[in-house]
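To start, the structure itself, in structure tokens.
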Amino acid sequence: MTLPLMNLVLALIWVTVSGSFSLVNLVFGFCLGALSLLLVREHVGAVGYLSRTRRILSLLLLFIRELLMSAWRVARVVCRPTIDVRPGIFAYPLTVDRDLEIALLANLITLTPGTLSVDVSADRRTLYVHALDCSDPDGARRDIADGFERKILEAFR
Amino acid sequence: MRSVILRATAPYLTALMVLFSIFVLLRGHNEPGGGFIGGLIAASAFAIYGIACGVASVRQAMHFHPLAIAGAGLMLAVLSGCLSIPLERPFLTGLWAFPAVLGGDVGLSTPMFFDIGVYLVVVGSISAIALALEEEDS
Amino acid sequence: MATPGLSPELLTAATLTAPVRLANYLVALPVVVPLLFASGLLMMRGRLRWQPAVAIAGMTVLLVINLLLLRRVASEGPQVMMMGAWKPPFGIAFTADRLGVLFACAAAVVALACTIHAAATVSLQERRYGFFPFLFVMIGGVSGAFLTGDLFNLYVWFEVLLIGSFGLIVLGSEHRQLDGATKYCFLNLIATTFFLVATGLVYGLFGTLNMADIAMKARSMEPNGEVVTIATLMLVAFGMKAAAFPLNNWLPASYHTPRFVVSALFAGLLTKVGVYALIRVLLMLFPAERGGLSMVVAGVAAATMIVGALGALAQSDLRRFLNYLVIAGIGTILAGLALPLPLSSEPTAGPLQAGLSGAIFYAVHSMVVMTALYLAASLMTRRADSASLHEIGGLWRSSPLLAAVTLVLLIAVSGLPPFSGFWPKLMLVQAMIGGGMGWLAAVILLSGFLQTIACARLFALAFWRPAPAVDRGTDEPGAMAAAGVRAAAVSIARVMAEGRSEPSMLPLLVLALLAVAIGLWPQGLASLTGAAAGGILDPAGYHLSVFGGAS
Amino acid sequence: MSLETFAAGFLDIALDVSFAILGFAFLATLLRIYRGPTLPDRVIGLDMLTAIAIGFIAVIGIDTGYTLYVDIAIALGLVGFLATVAFARFILARGGGDDEEKAS
Amino acid sequence: MMGSDTRFLLILALPFLAAALAPILFRRLPAIAAAGLALFPAAAFAILLSALAPVAGGTAILAGFNWIPELGIHFSVRLDGLSLVFALLITGIGTLIVLYAGAYLGQHRDRGRFFAFILLFMGAMLGLVLADDLATLFVFWEMTSVTSFLLIGFDHEREAARRAAIQALAITGGGGLALLAGFLTIREVAGLGSMTQILASGEALRMTAAYPAILILVLCGAFTKSAQMPFHVWLPNAMEAPTPVSAYLHSATMVKAGVYLLLRLNPALGGTALWETILPAFGSVTLVGGALLALRASDLKMVLAYTTVASLGLLVMLIGAGSQEAVAAAVLYLIAHSLFKGGLFMVAGSIDHGAGTRDIERLGGLRAAMPLTFAAALLCALSMGGVTPLVGFLAKETIYHALVEGDAASALLLIAAVAGNALMFAAAFLVALAPFVGDRPGAIAHPHEGPPALWLAPLVLGGLGLAAGLFAPAFHAAFSVPMASSAAGRPVAIDIGIAPHINLPFALSLATIAIGIVLYLTASRLRRALVRGLEAIGWGPDRGFDQMMRGLLRGAFGITRILQNGRLDIYITVTFTVIALAVWLPMTLTGTLPAVPVMPHLRFYEWMVLALILIGIFAVVRAKNRLTAIVSLGIQGFAVALLFMLLGAPDLSFTQFMVETLSVVVLALVMTRLRLSPSDHRPWREMLPDVALAVAGGAGIGLFLLRLTQRPFDNALSDFFTAYSRTIAHGRNIVNVIIVDFRGVDTMGEIAVVMTTGLAILALIGIRVIRRDGAPAAVSPAAPAAGEARP
Amino acid sequence: MEAALAFVVGMLFAVAIYLLLSEHIIRMLLGLVLLGNGVNLLIFAAGRASAVAPPIIPVDADVPSAVTANPLPQALILTAIVISFSFFAFLLVLAYRVYQDLGTDDTDRMRLAEPEDDDLPPLGY
Amino acid sequence: MAGAIILILAALLSLTGSIFVAIAAIGLLRLPDLYTRMHAASKAGTVGSGMMLIALALVSAGSAEALRAIAAVLFFILTAPISAHLLAKAAHAAGYRLWPGSVLNEMPALDVAPMPPDAGDGMVGSPDAQESDGGAAAPHGAPPQIAPRGAA
């Protein structure tokens, strides 16, 4: 039984025992389950699970920050008296190769400032990204590689 | 639709939506929702799944022919009405049982089965249409 | 199962607690059984070869249930089931009175006949795409419409039967069918939509949807324009469903386009549901308002009869011919609804009841006979390889039994004695004369006369005349093309008529025998329709059966 | 003026302003949908519309106190997503070409 | 006066039984089938004979049962002098006809059917004359129309036969419908349901205000059936039928039905000025006209047919003459006619059988080859010519006797009678003498006498005519007096014998015969003259019938084309016009217009949502292309959903959002796949009617709704639901509880719709017709859109 | 509110009728959708629209604390929405198939069931 | 006190959210081609409506609705990039060209196989009937030039 599943089972047991089937209670039960797993982490091998959870959370935080930034920058572009954009599509060579990771990366890129994943090449080696400001494609590629892609590799490998 | 991005995420989205649809279905008796809306959400989920991963995957996921599911839904709804026959109650009388295990407000009832029937009909029928149109296209 | 925590007082305040026996379930089963069979057959998509047998069994069960219900209603009066046990008028009442059950029985007979006919003729592909489920959904909707005692629920059943009919009318997807279906679907949908409008307005006016409740409230409410307007809207909506002139266009535009057996089914069921609703709503719910509409109904009836008869004369295609006979029949039925309410204090007496009784009788006759005629047309087309009066012929010699049966049916549909069409016509004419609408009686007879001529022509051309020789094998390109088109038309005609295998004559024979039997022994049916008409004009019994004395 | 009454008043005003801004956004989106010029432009507009409607529902939910309207918003998000996917699927299948330029 | 005997119900069953047996019998025992079938009418005849004595004593035998109590209809028979003689003629001649037909048809492949039809007809006819109840009578009346349709069309492969059958059905069946109206009027205004009641009612019918209507309706029935001019055309055309049919239908039966009815109703309806004007007028014209037309014809059967028309005219004229004696004359002539005309038709058939032609011009010298037929012919012709001692003489004497005593009007009738009789005399001998005397044309190769039945049957009928004359007193006592008494409604004495009395009637008889001989001798010339004359006119009711039928068909076609023009937009226009009228007319006629509403107090976002709906719907209309229209539709739908939310309907809003989105998606998906032309932007002029109709409809519905909502509202239903939603149905969402519990049946229907929709759409997509001929789109090529060049 | 609703309903009906009168199936379909919405609002208005509280009973009560919007019309409309959506979907696919097979969405040019060049019936017998 | 702060926070969030939505709408209107417009819609729009939902969650804090509002926001964030990506991919594959003012395009013109002509699925009809909303004026496989508005 994998750990997340065990965590869920714990949550369900909690819900049943406490007699309330509300979502809040389920989430509460999940947290309690995680806590109890934390307590017994050495014996059930939960170390990886928990630290990965932490890294995923950190990815999430990064993402929310980027999202807000993205919206803000777009807002600025849009609200200037004259629209000043230099858009274009650049190719980004992918390091990640699992489908889910590619998808995650692409989605995160879409949500970051001024970039939008248009497509993945058929061989899954290249991600085509549309950027509002495409004057420095190499810089953009570097930002992605050091930002989201690295975080993803950390969280899922 | 051949998109790695969609294909990788669609199963999760679909699962999430189906889960949500069941949630909407089951709480319909007390809050906005119910079988029809739940069914629509589930059908939307299957539609997205179909667009992402192909009609065949959806058919495999649903296991039964969507219309058979719809038929089963109608049958369930009608039979839940017929459950009153042995109890000498009129057709479609709401029968409730509150099994002690769960306690509280949650009960098993014929209206619930009826609503599940509605849900199945909508899921089956709308999915069938969506799949047929999708197949027609490709 | 227990329902803990409920105080008995609460329960008795809101629900009916009397036990409901299986016999009481007869009211609900005519709807439940078709829906169960429809869903079951849908789940049987893999076993197409079994479907006909299952369908025939289902229709037989339905017929038996309806007959049992009829017996019960005839002996004990209207039967009621309050769905969900909720007290009237809050729950949906299923109320089987004589009118409804009579129609339901006729519908079941028709459906069974068509099912047997279809068993041999509907191709595997059409089975796969739901012929039998459509059939059951439609008959379920029809039964529901006949038995429900709730206005909005009536709307729902209308839609159920409509979607069933949509399925049937497009099944096969011939080009002509698609054209016909387009017209059929749009116009019918508009009609049901305005029925819904009227229903919503009824709710807005009376605050109730239960028919017995509406009937009583309408009678106690002082006359007002709102009710008149709503009644007129109802007249329009149901008049359209019934294919009354000038709202009859959808019928001749479409009934000849689907499979023959589907045409037969439609002819037997669809317009009659409109007629039923007209009777139920105009005569039972809004009788006083209908009084003002009396002349309108009479005019519509007369025009419908004449348009139908003339239309029949004008056609060369067998089924388009029959389409107009259906319309003429509708006009005849409407005539029975045209008489004004008698001024005397006794509402059940008089020509109106006689006319209404005749109208109901005629409707039952028309269901049986028109269905049979379309089935006969199917066999004629198959055997003569054409459905056109220009081309068909020689059947008198080649198919004597078919000829005899068709003859009986044509006589019946013309309203000539001694078959089923004569008695209701007699009742109607008598009622019109008695009710001071002699001119309408004259129109009934005139329309009957024109129909007689039309039927005689059909018989002479299709049966007596030797089959016109079809010139084949000429070298002219035009003639070749014409022959090719003709061959294609023949093959399509055959497909539409029968599919591959020869259908059984049995349903046709049974329906014709029914027409003969009704003609020779009309007393049973006449007394039923008389009582049904009485129940409509004086709905106290209906009301009592729903509300059980307390309202 | 207590903080509570200020907060309530402020919220009311904020909500009204939100309504107004949403209305403006709505009109702007409509204009884009009307203009096109291409099908994808319109689809983007529709997507935007669902976002606006969700915002609207949220604001109404706050305003009336019927927070259960959030479920409607969720459903809307779901079908909005479905709509966009379907349109994208369709644009892909249909191929390019769009003479709606003339129409704008 | 009255007795009751159920035996007489049995005789009604006999012909029908025989009809049912006929096809089987001819398949199993073809040799004796005809003879076997003849036993049935013979048995009926025998039973009827047993009633002769009591009926002659003035008793009316009644029998029957309550057939349709709900409608007050009895299945009852009345056997009195009138009906008994008719019944005897029908069964007696019927027996002979069956025998004759057995010989005449030989090995005809359809003889099983033929006998079934003729026996059915016999049963119908028997029922017609025996029936007491009006409705029962009418049933049999129309049955004779239908069975005669089948008999006349028996030779169905010839168009003329089919035409004649349709014509006969149209005229006699149509007249029958008028008769039905007449009967039902009698039932309604006088409460009389049977002949017995009518006969007992005395003056009642004549006194009602509806009398003229009743009379005219009844006469319509009688005249069409009895071939009064101008309804006579069907009768000669009915000669398309095999000769036994002609002999039967036109002697004793079908055509006499109308006469029977007039005789039967004479006591109740007769004696009025109207009666005594209409009947003689039609009768005399028919008499003379029919007789003249008889001389024009050269086909033996046609000659006889027109003389039948003439005879019917004579009968009607006599019934209308009003006196008892005229009734007596009618009765005598009726019996005589039945015998001689039946015989002569059979003779004509035998000649046809033996000589191969029926054309007078080509017949002659058959005397030697067909002596027995000749004898039969002479007997019948003499009777028809009114030569003593045959029964025809008695009839003619009585006719003249009855007419000479009348007033000036009678004198006209007398002249008509003499003229008609003289012409018929000539016709009689043209049929009975001309083919047998003179030289035999070479074209007739081997004339021969047929099988015995072919000459025996006419001989028997001729012989009966002779016997009736010879034993006149007994004949009167048994037949004519009871019959005439029934017809007159009081005892009638008839004492005429074969011995000539020297008086005016006798002189007229002699004159008739003299003129008749002259006519006979000049027949060919007369015929040519008549033919020329009629050709000069160039039109007759028979052609008129064709013109009427064609006109009817063309007219029906034209009207149907206009009403059912195949254009959906017109159908929908009609529909909405009716709907708009249905809202506006009652609303304005009853003054149900709403009060001017006060401006509603709404929050501004509510206004916004309302405005949004309006923007959406107008954008749908005005959209320049369809995608914009769809999106506008979606906007409108969203706005409606928001409105539902604002109005406290979260479930509705929920559903509306989802459904609207799905609608737009599906609509766009499907529509952009269709490469449709841009939306229809018609010129204003064309749109204006649509706009007007739309505005009328919309305004009507809106105003009415406003009016309705201004009334107080009874919220009992929802109060109930609110009160018990949680307490009994355990649900907090009242709407959902209504859907799954309070009104679960609605939802059951609804999901049936949803399920079926899925199936139907699958059927639409799944089943396609593969065109083998590869035909292009089968769109009507006649209606290309403007500016399009179609291949 | 009813007055405003009645106005909107009238508008919806008018536009729906106008669209249904056009000859093109697709426009007619749009009309049907509008008609459906019009009817729904009509039913809603017929059940009166004064209170705006959703007809949902609070967790801790047996009946709603305040007057709620009339739930019955809502239930009726819900049924009607579903039904009209079903019919809409069906008609849409029908229109699609019509277009595929007949090559047009112009009902004026769909003359197969009732051809324009219909023959007179046989005038003989 | 806490209640008041929550209310003020909710008010601010709803204001900000609506402003974001408005900005997205403006972007939708003003940006030169559909690819750039997608930036506005998929980011600002999602953020805006998300903020308003969070405001709702704050107001109904502690209830199940609050939780669902958060879940809704997460869902939107999950789906927004996917739908943007799909649209962009589809548009690109379908042949909608970039704005001429674009500075770079490293993506091959057609990354999808040429689509079969979609009129070939059994549709019958005269050629003139094929001119339509969609307008298949250009031959398939060779996507037509789309002149963006900005260049016109």
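For clarity, chains are labelled A, B, C, D, E, F and G in written order, and residue numbers in each chain start from 1.
The working rule: a residue touches a chain if its C-beta (ideal position, glycine included) is under 8 Å from a C-beta of that chain, and two chains touch if they have at least 3 such contacts.
What you are looking at is a predicted structure, and each value in this text was computed from that prediction instead of being measured.
Student: So which chain is farthest from chain D, going by the mean of the CA atoms in each chain?
Tutor: That would be chain E.
Student: If you tally contacting C-beta pairs, which pair wins, B-C or C-F?
Tutor: Most C-beta pairs in contact, of the two: C-F.
Student: Roughly how far is chain B from chain D, centre to centre by C-alpha average, rounded to an integer in Å?
Tutor: 28
Student: Based only on mean CA positions, could you tell me how far chain D sits from chain E in angstrom?
Tutor: 71
Student: Quick one: chain D and chain G, Cα centre-to-centre, how many Å?
Tutor: It comes to 11 Å between the two C-alpha centres.
Student: When the C-alpha atoms of chain D and chain F are each averaged to a single point, how far apart are the two points in Å?
Tutor: So the centroids are 25 Å from each other.
Student: Among the residues of chain E, which ones contact at least 2 other chains?
Tutor: In chain E, 159, 162, 166, 549, 553, 557, 561, 564, 566, 568, 572, 576, 625-627, 646, 650-651, 654-655, 658-659, 662, 666, 669-674, 676, 678, 701, 705, 708-709, 713, 715, 717, 721, 723, 727-728, 732-733, 739, 741-748, 750, 752-757, 759-762, 764-766, 768-769, 776-778 touch at least two other chains.
Student: Quick one: which residues in chain C touch 2 or more of the other chains?
Tutor: Expected reply: 35, 38-39, 42, 83-84, 94, 130, 133, 152, 156, 159, 163, 166, 170, 173, 175, 182-183, 186, 190, 197, 201, 204-205, 252-253, 313-315, 457, 460-461, 465.
Student: For chain F, give me the residues that contact two or more of the other chains.
Tutor: Residue numbers touching two or more other chains: 20, 28, 42, 45-48, 52-54, 56, 72, 76, 78-79, 82-83, 86-87, 89-90, 93-95, 97, 99, 101-104, 107, 110-114, 118, 120-121, 125.
Student: Flag every residue of chain G that touches chain A in the complex, lowest number first.
Tutor: Checking each residue of chain G against chain A gives 20, 23-24, 26-27, 30-33, 35-36, 38-40, 42-44, 46-48, 64, 67-68, 77-78, 80-82, 84-85, 88-89, 92-93, 98-99, 101-107, 111.
Student: For a test of understanding, state which residues of chain B touch chain E in their complex under the given definition.
Tutor: Chain B residues touching chain E: 28-37, 40-41, 44, 66-67, 70-71, 73-74, 77-78, 81, 91-92, 94, 96, 107, 109, 111-112, 114-115, 117-118, 121-122, 124-126, 128-129, 132-133, 136-137.
Student: Please name which positions on chain G make contact with chain D in the complex.
Tutor: For this pair, the touching residues of chain G are 1, 3-5, 7-8, 10-12, 14-15, 17-19, 21-22, 24-26, 28-29, 34, 37-38, 41-42, 45-46, 48-49, 52-53, 55-57, 59-60, 63, 65-66, 68-69, 71-72, 75-76, 79, 82-83, 86-87, 89-91, 93-96, 112, 115, 118, 133-138, 140, 143-144, 146-147, 149.
Student: In the complex of these two chains, what residues of chain B are touching chain A?
Tutor: Within the complex, chain B touches chain A at residues 3-9, 102-104, 106.
Student: Touching residues of chain D toward chain F in the complex: what are they?
Tutor: 64, 66, 68
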